[in-house]
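Naming follows writing order (A, B, C, D and E), and every chain is counted from residue 1.
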Amino acid sequence: MSLYKMEKLRAVLGNKTVLDIESLTVEKGVITAFMGPNGAGKTTLFNILAFLRRFHSGSLVFDGIPLLCSQAPPAQLRQRAVLVPQEPIMFSSSVEKNVAFGLKCRGISLAQRTKQAHKALDEVGMLGFAKAAAHRLSGGETKRVALARAIVLDPEVLLCDEPTAGVDSQNRIIILELIGRLNAQRGMTVLITSHNAPWLAGLASRMVHLDSGRIAEPFPENTFLVHPGPDGRSLFLTPDGPELVLEEPLAAAGTLTISLDPKQLALLPASLGRAADKNSLSGVITGVLLKEDRLLVTVNAGVEILISLSLAQWKAKNLGPGDIVQISIPASSIRVLPEKKPL
Amino acid sequence: MSLYKMEKLRAVLGNKTVLDIESLTVEKGVITAFMGPNGAGKTTLFNILAFLRRFHSGSLVFDGIPLLCSQAPPAQLRQRAVLVPQEPIMFSSSVEKNVAFGLKCRGISLAQRTKQAHKALDEVGMLGFAKAAAHRLSGGETKRVALARAIVLDPEVLLCDEPTAGVDSQNRIIILELIGRLNAQRGMTVLITSHNAPWLAGLASRMVHLDSGRIAEPFPENTFLVHPGPDGRSLFLTPDGPELVLEEPLAAAGTLTISLDPKQLALLPASLGRAADKNSLSGVITGVLLKEDRLLVTVNAGVEILISLSLAQWKAKNLGPGDIVQISIPASSIRVLPEKKPL
Amino acid sequence: QSQVLVMSTTTSTEASGLLGVLLPELEKDTGIKVKVIAKGTGAALKDGMDGNVDVVFVHAKAREHEFVEQGYGTMRFAVMHNDFVIVGPPSDPAKIAGSKNAADALKKIAASAAPFISRGDDSGTHIMELDLWKSTGLPLASKVTSTTQAGQQVEKVSITPADSAKWYFSIGQGMGKTLLFADEKKGYALTDRGTYIKYKYGSDAPVDLEILCEDDPVLHNIYGVIPVNPAKHPHVKHDLAMQFCQWLVSPRGQALIGGYQLVGKQLFFPDAITVQTP
Amino acid sequence: MGFFWDSIVSALNLLLAADSELLHIVGVSLTVSSSSTLLASLAGIPLGLFLGFVNFWGKRVVITLFQTLLALPTVVVGLFVYAFISRRGIFGPFDLLYTKTAIVIGQTILIIPVVTVLTLAAISRMDRRYKDTALTLGAGPLTTARMVAWEARFGIMAAVAAAFGRVIAEVGISMMLGGNAKGFTRTMPTAMALEYDKGEFVLSIALGLILLALALGVNGFLQFFQGRARQ
Amino acid sequence: MGFFWDSIVSALNLLLAADSELLHIVGVSLTVSSSSTLLASLAGIPLGLFLGFVNFWGKRVVITLFQTLLALPTVVVGLFVYAFISRRGIFGPFDLLYTKTAIVIGQTILIIPVVTVLTLAAISRMDRRYKDTALTLGAGPLTTARMVAWEARFGIMAAVAAAFGRVIAEVGISMMLGGNAKGFTRTMPTAMALEYDKGEFVLSIALGLILLALALGVNGFLQFFQGRARQ
């Protein structure tokens, strides 16, 4: 069942169109992940979905209730969806009072809310800080208390804007597990953003990619910043590193971003090719990862390059980690990515 | 050559000892990474090393110059070390003015500083935002401009407090490459913190681990949050997941954190063991990574478990990604990690 | 600039509008511009003592003589007078209407305990009022406040009728405010005739007070003008001040004073017959 | 400067004599100005919060008007209130003119704009995230405003302090509406103005010093609590 | 309320007549109060910044003293300045008493505490990171203070607006040090006080309305620029 339904949703900040979503549906009871580069509009979208900001035009329907862009978002819906912002701020009181605040707004008794606040703090590993001054916590501690402050309310919808940025690795796992559990056990709808694709992929049932405010194709893997050579056709992966040659010369100068399609790259044992060949790099296999039915092989050739093979192809090659290999990069696999400009 | 020398350095905030470093030296011209859980004192330390905060007792020597804890940090040293804070804030003017600000303080002419600011913005991929209002940028954009604002000054020491938290994956690479280049080409001393161990390991020549304000052993890998069973000896990795049995019953109840020593875990082909065995999990090999002279094998057994083998051991087993295996977990490999409490 | 004379005066001369008539004529005749600083009599005299002004124009005869005797002023010119009246509510609870004896009237007011509003500000009017209370023979309460001046203890005595806390309001404000207060409290007050006429006939919200006692010879209010002594303050423009004073007491000045009317009533009576010298 | 020395000695003398008249004046001053500060805060703080939070058509104009009212002359306030409470006014029967209540009414009107504008300034600089956090956690508009006000408390306290300073030293309204009646509505500043009019400068300054000592006491008291709250 | 109607009509009449006397008074008012606001800002803003940034022994006491000076009575300021600039005072020879300069001096002293305390309040709520950022980028103490002041500009503008409102409507000091001399030092508020003294209530209110209109103009002007700067 769909919980949020957006059609032609546009948000304008200043005089910049920050969000421009043709059509998007977020399902009830599901974890949906939002990915996308900086400035893609994730935070703006979350603020709108948490009923904290207006949108500019288009339609947004929440659980069958249509919202008007001409009106301030309805206050009563805020009780149903809680946002953990990207950069949370704490009220200048104790940690436990901060966490109990939402419960107080819901008229829960002091004893009850203290108990629940402590439980939520325990879940994010911050119970030891219950009496500490909330506005003096470290970055990661603040993030975790902010999460506790939201989950203690057991909302229908939890919007987490980068809940693990700045959180240490151990607590990151705790938090991800917690979010997964809230969804699995209580059926909580979770919307989450992050720049850490791997763990989002593990957690979310659905990934939505945003770019420049629009729903977009996921950003390609194997992305490199390169330095074009003087002829405009050769590219250097590092200033003194391997050289790639394009099919057509470039129009623009200056550093730019390219991606190499992992499926078009060929992996050869070192003996079969020569390292000096154009568009051929030699490196060491540093990793082999199984992802669905394909193998992702990481080769360190000065930079790490990812190659995607079928399981059969890999078996046939009889290679393993530590082996020295050649990568052949067809000019057709090189895609120059458009530079990001503000809309 | 050592740049910072700390001895018995203590910092107290409120009435909590946040930093208590016996002895630590940071080398000149080197990238030193600071890791540690939230609240370890990394930000506090960086503020002190950037001459923005006093310390409480002990000694700090910068490039031969001793600093007194009884006095405000000397202003002229701030010209030599620039901090990119964990949560940067922008002055409410344009992005390019923000980046040019430090140059203005150094008396550089307008034309010159605009040129340099644009170059620095280009390096972090934010040139397109030069005229935008800096205080209205998104989280990741702000981070990147803050970095540009520091590197444009070409300081002797660059202190980056989580420079990539909140930065998208593509730009993370750009930033890391940039920091590496500043160090390699200009010999800039870089101090950096992050919660992303893998890439820090690639970048830094030295890793310093902080915990509760003290220099500490690195936090172990294979860390899991577990749920003890009713008998206090069995542990569950997930509520309905595999069970581990301890040698001695636990004193405390409630969720806790354990680590499994990757070197003590044994990897067996599935046919050799039985999945029902206590402390034996079955899973699929999902990755093989070469790290120095050892292989790290990732097995997905409901949770991802890391096993460390010598290259010889691995070769002998004749296993590969996608193979089903058994992991045997000796009780001695299970370490219950102490709960973090504020000092 | 040198033709500008600085004068401090009591508020009544300015508030009555008299100076508004005199000064433009003065400028026409002599070219002298007068910078008028209006304040209470006490403060106005103090300005003269401090040499902040060139001439003072006030109405407190005894203090004016003292001023000249102490050498602050060169001489006093008697300029004009008006008179004081006792006003009260038309209902007249103390039954003093038609009385020509001010002391008597005050006695009746005290006996009836009807509200009486006093300026209480050491102004000429207030001093006159206190003199009247003294002449009633009623018991008076005096209160002493001691202050230090130039290291010396100085005692200030303030006098009120005894046992008057319930009906005697000492408000420390100007004449107009006193009339408004009396109107509001339906009380009695001693006032100069000019201000009363202004508030009774020249106001948007006329006070509901009637003249109940007038024409007692003790009720005369005499104005004098004194140039500040250049021996004490060499910078003062004594010549200009003398010129101003002489113009005031000249037939021309005196005619203007006598001719000034407010709502058809003469307010000031020229006095300059004799010129007194110390 | 012997003059100021005299004033200090006189002030001490007055205090040592614990003159009942002086005590009464001090009492009136404190009652009146704390009442009007309290009332103006009760009106001005919510007004400032309202202007800070609620968007409506013409809001900028309303803010400009309030800023303009910072320049409200005491004579205008005095006459305005006078027109209502004098015996001829609508509220004449309540017999309010020349009472402490009248001063409180006038002073309250005088400083409501001060409290409003400075409260607005204090909260409009607050991080927007405080408001968003309260809202997303389910707080209603009142609770949200209260949370933001709490975060801006030092700014709001400065607003109240400025308003208090304005009225404790206020002369015009106290004169016009209180009447400066000795033993009834005489306040420190009107007493000072009177002594000045009489030419009793030393006494006037002595009273002023006592007034400042009083204000110092009030502020020291507040600072003490502020200091404790800051910890 | 016919009274107020009369006043409005009179105010319009006065304005339409463009009476040269009125224009002079308006001119004096504006010159004097903008001069004193400017001078007090030049002193008070740096003072507030100093108190906000520099730590020194006894700072809390100094802040308390400044807060106390919010209650500085005009009579005290007036007499204090009087003692210096009257003919007997040290600055007597400069012949300052009863000039516009004298009013400016007195008013400046009166509102320096207002600007200082409110500036301090405005910057003490600023995010500490502004200061740290400026410092780490190599700014000296002055530049750092300037940057923080810039971020707190709306608060500081409110401080200046409050101070301006205080002096444009100020009577006591203008009377005592200016003398309310017609054609020289008469300001709008002293003219109003005089008209009130004369019982010319309608005229007094009419002048008050003109004063408010003037303040409205000034504020509208500032709001306009503030609005543009905010974009």
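Operating definition for what follows: a residue touches a chain if its C-beta (ideal position, glycine included) is under 8 Å from a C-beta of that chain, and two chains touch if they have at least 3 such contacts.
Note that the structure is predicted; figures quoted are calculated from it, not measured.
Engineer: What are the mutual neighbours of subunit A and subunit C in this structure?
Structural biologist: The common neighbours are D.
Engineer: Quick check: more C-beta contact pairs at C-D or at B-E?
Structural biologist: Comparing C-D with B-E, the pair joined by more C-beta contacts is C-D.
Engineer: Which chain lies the greatest distance away from subunit B when centres are computed from Cα atoms alone?
Structural biologist: The most remote chain is C.
Engineer: Provide the C-alpha centroid distance between subunit B and subunit E, rounded to the nearest whole angstrom.
Structural biologist: Between these chains, centre-to-centre, one finds 54 Å.
Engineer: What whole-number Å value describes the gap between the mean CA coordinates of subunit A and subunit B?
Structural biologist: That gives a centre separation of 19 Å.
Engineer: Quick check: how many Å separate the C-alpha centres of subunit C and subunit E?
Structural biologist: That pair's centroid distance is 34 Å.
Engineer: With chain centres defined as C-alpha means, what is the inter-centre distance between subunit B and subunit C in Å?
Structural biologist: For subunit B versus subunit C, the centre distance works out to 86 Å.
Engineer: Indicate the residues of subunit A shared as contacts by at least two other chains.
Structural biologist: 87
Engineer: By residue number and range, which residues of subunit E touch two or more other chains?
Structural biologist: Residue numbers touching two or more other chains: 3, 127, 201.
Engineer: Among all residues of subunit C, which ones touch two or more of the remaining chains?
Structural biologist: Subunit C, residues with two or more chain partners: 39, 177, 205.
Engineer: Check the chains against each other and report every pair that touches.
Structural biologist: A-B, A-D, B-E, C-D, C-E, D-E
Engineer: Give the list of subunit C residues in touch with subunit D in this complex.
Structural biologist: The contact residues of subunit C facing subunit D are 39-40, 42-43, 45-46, 120-123, 143, 145-151, 156, 165, 169-173, 177, 181, 183-185, 205.
Engineer: How about subunit E: which of its residues touch subunit C in the complex?
Structural biologist: 3, 6, 86-88, 92-93, 95, 97-98, 175, 179-184, 194, 197-202
Engineer: Inside the complex, what are the residues of subunit A that reach subunit B?
Structural biologist: The touching residues are 13-14, 36-40, 43, 86-87, 122, 125, 128-129, 132-133, 136-141, 143-144, 162, 165-174, 177, 181, 195-197, 219, 223-225, 238-239, 254-255, 257, 284-291, 295, 298, 311, 314-315, 320-322, 339-342.
Engineer: Okay, in this complex, where on subunit D does subunit E touch?
Structural biologist: 1, 3-4, 60, 63-65, 67-76, 78-80, 83, 113-114, 117-118, 120-122, 124-127, 152, 154-155, 157-159, 161-162, 164-166, 168-169, 171-172, 176, 188-189, 192-193, 196, 201, 204-205, 208-209, 211-212, 214-216, 219-220, 222-223, 227
Engineer: So in the complex, the part of subunit A that touches subunit D is made up of which residues?
Structural biologist: Residues of subunit A touching subunit D: 47, 50, 52, 75, 78-79, 81-83, 85, 87-89, 91-92, 101-102, 105-106, 149-150, 153.
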